[in-house]
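Next come the structures, one after another.
What follows is a pair of complexes built around chain A, which joins chain B in one and chain C in the other.
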Partner chain A sequence: MNKIIIPYIFIIPALSLITLTIITPLFLMIRVSLLKPPEGTGFYIPDTFSLHNYQSVFDTYGVSILIDTTFFALEVSLFSILFGFGFAILMQELSNFLRIICFICLLLPKFISPLIVFFGLQRLLGNYGIINESLITTHLINEPLDLIRNHFSALIGEIYLTIPFVTLFLFSQLNSINKETYNAAKGLGANNYQVFRKITLPMCYPGIIIIWQLSIAWNLGSFLGPLFLGNPSNTTISCEIYHQAFEIGNWPLASTWGVLMTATIMMFLWLPKLPISFMFKDDSK
Partner chain B sequence: MINKIKLENLTYCYKDKKAVDNISLSLHSGKFLTILGPSGCGKTTVLKLIGGYLFPTKGSIYIDDTDITSTGPCFRKIGMVFQNYALFPHLSARKNIAFPLEIRKLTKNECEKKVNAISELIGLTQKEIERKPSELSGGQQQRVALARALIFEPHLLLLDEPLANLDKTLRTNLRKEIRRLQKEINITTIMVTHDHEEALSSSDLIGVMDQGKLLEVNDPKIIYDKPNSVFVANFLGETNIIQADFFNISKNGMVHIRPENIKIGDQANECNWKKKGIITGITFMGADFLIDLKTNEDVHFKILTRNPPSFPIGSTTTMGIDIESVWLIPNNLEDI
Partner chain C sequence: MKTTLIAVLLLSTLVLIILPIATSLSIAFTPDSFLTIPTNNWTLKWFYDFCNQSRWTESFIRSLIMATLSTFLGLTLGMPMAYAMTRFNIPLKKLINGTILLPLIIPPIILGMGALPLFYEMRLNGTKTEVVLMHSCLILPIIYLILKNKIQNINPEIENVAMGLGAGIFETLWFITLPLLYPAIVISGICGFAISINETMVTLFMAGPTNETIATMTWSQLKEAPTPLIAVASFINLITILIGSVAIKFASLTFSSNNNQTKRI
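Right after this comes the complex of A and B.
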């Protein structure tokens, strides 16, 4: 009897914490999303029930925000995994000293506030930023390039935030592969590309799937990149939540966006393999 | 099929240390060479140099007079079984075995036929080859690794301590299987091991290595009975290394006598050299008894006898040696 009960006792603290910090706020958010929006003062009209917020999201520009945010998250995840995987493979080939330098380069931006990182990127990409100034000074261009306040700069910003996690995760995944496996494949006649395609990639597949899920989940909530570096017309769900909750004061609509973002994240966690599973077909049996 | 593999002054330096030191040897087609040596002596490095996984600091490797020293492993057509088998964990045993064929773009039918044929030869059932490596026993994994290394008909087969991770019974069986296969396919094979029994029972030739140097390459019987150095004599099993002047064979140097070549008690009477001594220890070895005997000159001998000794520890008895079985070691002075 004790053997059955004891494991449940051990998970009570974790369950309580999750209930208190995630499940309860989620239910509160769902409830607020079903309230009527404020008329004049206040943030919502209490003790009401209405699907008006959901209707207004799908009737207006809401669908385009939803699609833009999803594509933005997919883009950031895809590029982060591509660059991160390449960087992880490169790090594996380096000497210990150079590998430590790479680790420092990867982790250093994580030790400072993302706000400082984004101000740095603004300084780098801006009209009077280092890149434009250098290009103008060297007479390669006459007018500054539009490197900021667009989709590209928002993408750069979010990739910059995501890539350290992706790289470190995939580096540990690569390190768990026995090096003799590569030698065995080469000895059996495989060239470097075939070793990568038939050994490295499929063996990293579980790791890639996990980091793909996490990366999408993080980037569906992209906020700082689009806010500081993006074009105001290409907003994301998080920016819209901020706008509705703190600038307009419409909490029910902000909550509706919160519910939609959570639902989108859940959908991507539930369908993890779809976007990249075609790359690995027929290799397991 | 190749006629010969030749290593010429092969040297490999790791940082400042010579892991392989000026090794030269030549192996003819269909022969089974075992490189024997203690851990860290450089024997696996030699195998990796031959396989192309490492490139020598100095020296050359030839297959039939073609210099392959700087050729990459994927172009050498050399099969290798790694110590931990290095099977691809995400592929089934069938896919593992078919891997070299798929790389060479053989049709699905050809792959299937060849995989089935080699699996039958190696002793793997259809059910076993559908499993993933993690679902196979150590012995089955070893067979899969062997089948994968043989399926593309390599010029040469390299075996890096292939039996090290198996229990004794399985090791003995697979040792015989490997030898049978090697003879049946007639493939030139180089195996690396630190187990002298494995080397003596499987090989056409044994090479003994120490500290990166190849000390001797010879026929198993010759290298066992007439080693050219004290190290080789010691490494190939229990032996007695005694000053040569004790037997009046030579004024300098050392001789070696295997414990099974020394008789004790009544049996010693048949020998042409006899000496009295005190029994200082008796060890039961399973099939045999190992007896420690000390002569009046304080020289210690190890004697191996099949019959249970009838004399207790501390008693005096006679030991006898046929003086023809005493071997004067040629290179002993530098080895001592």
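Right after this comes the complex of A and C.
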């Protein structure tokens, strides 16, 4: 009897916290998104169920923001995985001391507020930032370059936030490969490229897919980069939610955007599983 | 040749990663009232300014209190959860696992926006309780992942021996599993504390004007008119986390040495 109850005693407090702070709000968000916005104070007018909010999202610029955000997330995740994978491979070749320094450099940004990273990037890339000033003082250019407030700088900001996680994850993935495999391949006459193509990449493939999914999910909610480093045409769903909820106070429309974003994230978490499941089916044959 | 190439590549990447943070932190020592990077004379002027403005110091103390409380709540809920999920047979294990990891996947802006009407109806809005609840929920998956990984590496036979010698399950957990888990608990606690003290988006929705933390103060300054005080605040945050983690590390060293003695006896 005792043995049956104990596991539930252990998991129920944590599950009830998650239910209170995430699952109930998510369902409430779906409900709020079907209601009408109030004229005065409050969050919504009760008992006015309609699809009015979804209609207004899809009638106006909603679809283009959805597509833009998705492409933005895809770009960020692609670049972070490219750089992060390269960095993880380089870290493999290092001595222990240098590796610890690398870990510290990667983890340090995570112990500081992301706002400070963007503050620093604004100082670096701005019209009177270090890069422009040094280029002007060396007379390479006469007028400051437009490095900030464009798509490129928003991309860089989000990559800065994503890359530490990607690198650490792929490093652990690479570390789990048996080193003897490389020696065996090289002994059989493979060159460095062939070893990478035939051994490293296939063995890291499941890990790359997982971190790809995760970084897309994180960057579909990218907010600080487009807000502080992008221009108004780089609006993402999160910026729109912030705008609707904080600045206009249209809570139902913000909830509609929230439901759409959660749906997109869930879709991207489910889609990349398909190639993996096909792969394992082939293996079982 | 190859090693120098790797070293150069690596060094440039590290410099690129550290550069924005180094720039913004160095602004804390600027002698001017603009956001210039100090070149030759570094001052602590802005640190005095920070200590003299009660709005900043109060928000700093508030965020320390809330981060500590939410770390404790996250640890007390996450530890048993991680243990139960590795050692016991629970129905719907995959679903529960996914549910626990939800805060990692769903963007904080949605969490904050969704939870605000709920807490409003529970008459909790604007209190410290809701911030602590939301922060501990954000910390929970990190603590869960770190501790679960550690528990999987502990040999279950040790616990079985203790239980076979007549100890109950809670005695076994207290005397066997907890001391073995101690380093992982410390690490996950530090990570949770750092996440909670730096969390901006959820806090922005939850805290409101009455419960400003360092993160929301930084946010409002950065949106309107940034001053070097932002850099000072984040510098002090970083120092707090580093000193705290070193202190806890030493405390855990003494704890584990005491424990070894009891084992020998």
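Keep in mind that, in the parts below, the second predicted complex is superposed on the first by the 250 of 285 C-alpha atoms of A that agree within 3 Å, B and C clash if a C-alpha of one lies under 4 Å from a C-alpha of the other, contacts with A are read in each partner's own complex, and residues count from 1 in each chain.
Simple rule for what comes next: a contact is a pair of C-beta atoms (placed from the backbone, for glycine too) under 8 Å apart; a residue touches a chain by one contact, two chains touch by 3 or more.
Everything quoted here is computed from the prediction, not taken from an experiment.
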**Message:** Taking the superposition on A as described, I'd like to know which of chain B and chain C A:L108 touches: first, second, both or neither.
**Reply:** second
**Request:** Have a look at where A:I199 lands relative to chain B and chain C in the superposition and call it first, second, both or neither.
**Result:** first
**Prompt:** When the two structures are overlaid on chain A, which partner does A:S95 contact: first (chain B), second (chain C), both, or neither?
**Reply:** neither
**Superposed model, chain A: greater residue contact from chain B or chain C** = C
**Message:** On the A-aligned overlay, A:E180 touches which partner chain: chain B = first, chain C = second, or both, or neither?
**Reply:** first
**Request:** Applying the touch criterion given at the start, work out whether A:A190 contacts chain B, chain C, both or neither, answering first, second, both or neither.
**Result:** first
**Request:** Identify the partner contact of A:T138: answer first if only chain B is touched, second if only chain C is, both if each is, neither if none is.
**Result:** neither
**Message:** Just to be sure I read the superposition right, which of the two partners does A:W218 touch: chain B = first, chain C = second, or both, or neither?
**Reply:** second
**Prompt:** For chain A, what residues appear in both contact lists, the one with chain B and the one with chain C?
**Reply:** none
**Item:** Contact set on chain A toward chain C in their complex
**Value:** 6-7, 9-11, 13-15, 17-18, 20-26, 28-29, 32, 43-44, 83, 87, 90-91, 93-94, 98, 101-102, 105-106, 108-121, 123-124, 130, 160, 163-164, 214, 217-218, 220-221, 223-224, 228, 238, 241-242, 245, 251, 254-255, 258, 261-262, 265, 269
**Request:** Name, in rising order, each residue of chain A that touches chain B in their complex.
**Result:** 178, 180-181, 183-191, 194, 198-199, 202-203, 205, 283-285
**Request:** Mind listing the chain B positions that touch chain A in their complex?
**Result:** 48, 51-53, 72-74, 76-80, 82, 84, 86-92, 95, 99-100, 103-104, 148-149, 152
**Item:** Complex interface listing, chain C residues touching chain A
**Value:** 3, 6, 9-10, 13-14, 17-25, 27, 35, 37, 73, 76-78, 80-81, 83-85, 88-90, 96, 99-100, 102-111, 113-115, 117-118, 120, 133-134, 136-137, 140, 144, 169, 194, 198, 200-201, 205, 214-215, 218-219, 222, 226, 230-231, 234, 237-238, 241-242
